[in-house]
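Next come two complexes, and both contain subunit A; in the first it sits with subunit B, in the second with subunit C.
Right, the complex of A and B next:
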């Protein structure tokens, strides 16, 4: 018997996290034209910030000497497992603190990186960010304090003290969806404002925007700060959801999966990003489920997924480059003024 | 009348090609000054020097600010724009995937709603409505209102030209450099455009410096005309005098 509720809860949780990634990537790349091929960099920074902060603080606050019992050692992992459900207030406080710090860490990294990358020319922004992401992954693979290639495990979640697993999962899903809603409102307000219009103008023609007195580098730095900040939050949520992080989770394919979502949904259309996230996470689930059923055992579902996502991107760019939901004009009160003027013109 | 723009002995070379050689001219405040010359005579290069796209090899550009004349050669385009000089391009540089209305609305600098925190909190709607009304007024004037919600990429070449000039009028600049505003625009619309230029000068005290190939239209609206030829100033004066100057006729017909 298939566990329908369990499937729905886990799918919606991952969908929520991926939707945050898709919305912010659309804001950065679809609306503002910053080719962010390094999404996974900020995602990883957020995840590791939250994970490291939580495991270290839980051990330290419970009197462990992290020099002798580091969180990635067997003793540390066992201790974390035992401590996870003991102090609800601590769990929740650490969770809240992690979200804030993950936002700041990833956001500031985006802001700082914008200085070198925006000076290498638009075509190279993507590659610079892509390679920065890979540098981070390779660094993490060898950085002992966060567990090197094994990563960190047994991260106490905010609701680890709830005995009933289903309730725990639902509570976490609630938090994810609330943060997704927050991200959507923020992105929607930014996109449908004079700022959003200016960002689109920068995307269309940087030189012309500069001529109109727009401060192009500062605008892009702001975009990367906000976009990366929310990406960091998504990373933190992932770390708590899986209760583990390791460098293998942050390969470039993750970035391109999110790219496929926004290309499918429609570049520059926020609702499109949600549609893209729904379709691709469902596809992903289906694939994981079906690959063994179809008798494809020689290759792992991962490869089938990467192959089909790549194929999808190429097909979309050829057949429907505007995506399922094309970009719409910026929604501001100016449209109401225009409507009044057009109606007035029609009757008079 | 006091000049708002002064170009002093400006020279600019590109490799071995002399684009401008010792060009000296001035634009009086509230003037409408034309700049003509055969293709390749350096008109656009001069605009590029004034608006900060090129740094002159020699010479200076001065612009009148509140305090007096300020030297502006060597400033960045956005800094020149900030001082109150706006230009249009010979090949229009509109934002193609934005609508006509958006192209107009994006133009004014330092809008409240362009600041991230203000965009989040709202409160910029009043300014936005005011800008929208100004934009709609301009669009009405040029029969562009039906195209307000059309993407620029779907417009005809003539409309694109017109939209770019109209967009320039959205900003509270004091000096407008228009690079061939009437090129490819039907005569009736071109005349309306120049009439508006006149009206803006009378009503708002604005100054215009206009490059135009359609001399027959231009001469009816400008008070003063400069002629460039091979990067050098060939003639200047009242339009009717200048166009009957044999050297100018020679430059245009001779093509050399």
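Right, the complex of A and C next:
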């Protein structure tokens, strides 16, 4: 018997997290033209900020000496498992604090990284962000306080005190979907605003936008701050959902997966990103359900899955570059007024 | 006395040769085709695996044979990329960043295709191709100069790099085709107007770029301890940084970049290790710091679609 509810809950939670990534990447790359190949950097920073903050504070506030029982040691992990469900208020407070700090940490990093890449073209931007992500992974692999290559485990989730697992999962799913809704509203407001129109101008022709008096560096820094901030929140959600983080989770392939989503859905169309995220995460989940049924194969299904992500990107760019949902005009009150006026003019 | 002497010096030269082999084709391909090719590391990795498969499946121990096969594999991959993906995209008037994203898609495809090939080869030969050890070739000599023994890989990479530099110089400066290639890189439209077949030149560029990078990969197999399908990707930071120092246009400055990055990564880290105790695994951070410094202090202005001047706050 297949566990339908379990499947739906796990799929929707991952979908929520990936949708936040796809929305912000579309805002950065589809709308504003910052070719962000380092999505995983901000995702990872958010996840590690939340994870490290939570495990350290839980241990310290419960009177442990983290110098002697660090959270990545066996005793630390056992202690975290025992403490997880004891204090609901602490869990929720830490969750809220982590989300805020993950936003700030990832956002600030994005803001700072926008400086070196201001004057160079998309190739340099993409490459610099890509290698920043890889370097973060190498750094985390060697950084002992966050568990080096083993990472952090047994992160107490916000609802760890709920005894019933299904209720706990549903509550977390609710939080994820609420944050997704918040991200969507913020991104939608940003894109359908005069700022959104300016960003599209920068994407199409930086020099022309500059000549019209737009402060391109500040715009790019703003875009990277906001986009990366929300990415950090998605990372924090991932850390709480999986209750573990390790450097192996933040490989460049994650970035490309999100890129495939926004290209599939349509660059510059926010609803398209949601569609892309739905299709790709569904494909992913179905594969994880199917893989054990196949038994041992000559070629690992994982490789086929990643190969098809690359093929999807190339094929879409060649055959349907606008994606499933093409980009729409910016919806501002001024445009609506104009449309009303035009319609009125036509009839009368 | 330099820290880490003599190994840091030997490694410095060694990596210098490899970076020449890997980065010169990248610069060449960008300046002639205006495509920033993220799949460049695939040429290197496929070059390595051509040599690995030849050795593991057919028992080949000749480096020149492996290099020739690698040239064909890398060159035809690059040619195929251009004909099937880059050229149709450009015909349609796609923006440079879209072409770049397509090259990234190709990168993922090639990467996992190689894993699949390694799986299939493993199925037939029961050998582990996902982590392959160093290959000892029978036809590359070890040299002994002034008491130093230069390893096989040092000799091979030195010959390959010198051969590449000389051949590129002669080709670009002395032949008609090479001058046509330089004309295309300077001004594609003007070149086309004066009767240079731009498509042919671009195809030729891809063939050379892919082939040379793959030859570099084949030579790498007698140097690196283990070869994995990620070996080429592991070097992408260094290879691109070297080309970025050349602004993606100047071959001479790319060569200087190879010298600089190789120096920083070998002698620099040895010095930091000796005097400050920095672990040698911090190597890529030095390269990354160099990359950021270059981007901030002396960005290649206007390169690859950037703003053609600097922002300055007015006082």
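Quick note on the criterion: the second predicted complex is superposed on the first by the 332 of 348 C-alpha atoms of A that agree within 3 Å, B and C clash if a C-alpha of one lies under 4 Å from a C-alpha of the other, contacts with A are read in each partner's own complex, and residues count from 1 in each chain.
In this text, contacts are C-beta pairs under 8 Å (C-beta built on N, C-alpha and C of every residue); 3 or more make two chains touch, one makes a residue touch a chain.
Note that the structure is a prediction, hence the values are computed from the model and not measured.
In the superposition on chain A, A:138 contacts subunit C only, with no contact to subunit B.
Legend: residue contacts after superposition of the two complexes on their common chain; A:118 is shown touching subunit C, with no touch to subunit B. Shared-chain residue A:207: touches subunit B and subunit C both.
By the touch criterion stated above, A:333 is placed in contact with subunit B alone, subunit C being left untouched.
Of the two partner chains placed by the overlay, only subunit C lies in contact with A:298; subunit B stays clear of it. Subunit A has more of its residues touched by C than by the other of subunit B and subunit C. After overlaying the two complexes on the shared chain, residue contacts for A:309 are found with subunit C alone; subunit B is out of touch. On subunit A, the patch touched by subunit B and the patch touched by subunit C overlap at residues 207, 210. Residues 51, 76-78, 81-82, 87, 89, 93-99, 101-102, 105-107, 109-116, 119-120, 122, 124-125, 128-129, 131-133, 135-136, 140, 145-146, 148-149, 171 of subunit B are the ones that touch subunit A when the two sit in their complex. Chain contact summary for the complex, subunit A toward subunit B: residues 186, 189-190, 193-198, 200-201, 204-205, 207-215, 222, 226, 327, 329-330, 332-334, 337-338, 341-342, 345.
Taken in their complex, subunit C has these residues touching subunit A: 30, 36, 38, 85, 88-89, 92, 94, 96-98, 100-102, 104-113, 115-116, 119-120, 123, 236-237, 240, 244, 248, 279, 281, 284-285, 288, 291-292, 295-296, 299-311.
Subunit A meets subunit C in the complex at residues 33, 35, 37, 115-124, 126-128, 131-132, 134-135, 138-139, 142, 206-207, 210, 216-217, 253, 256, 259-260, 263, 298-300, 303-304, 306-307, 309-314, 317-318, 321.
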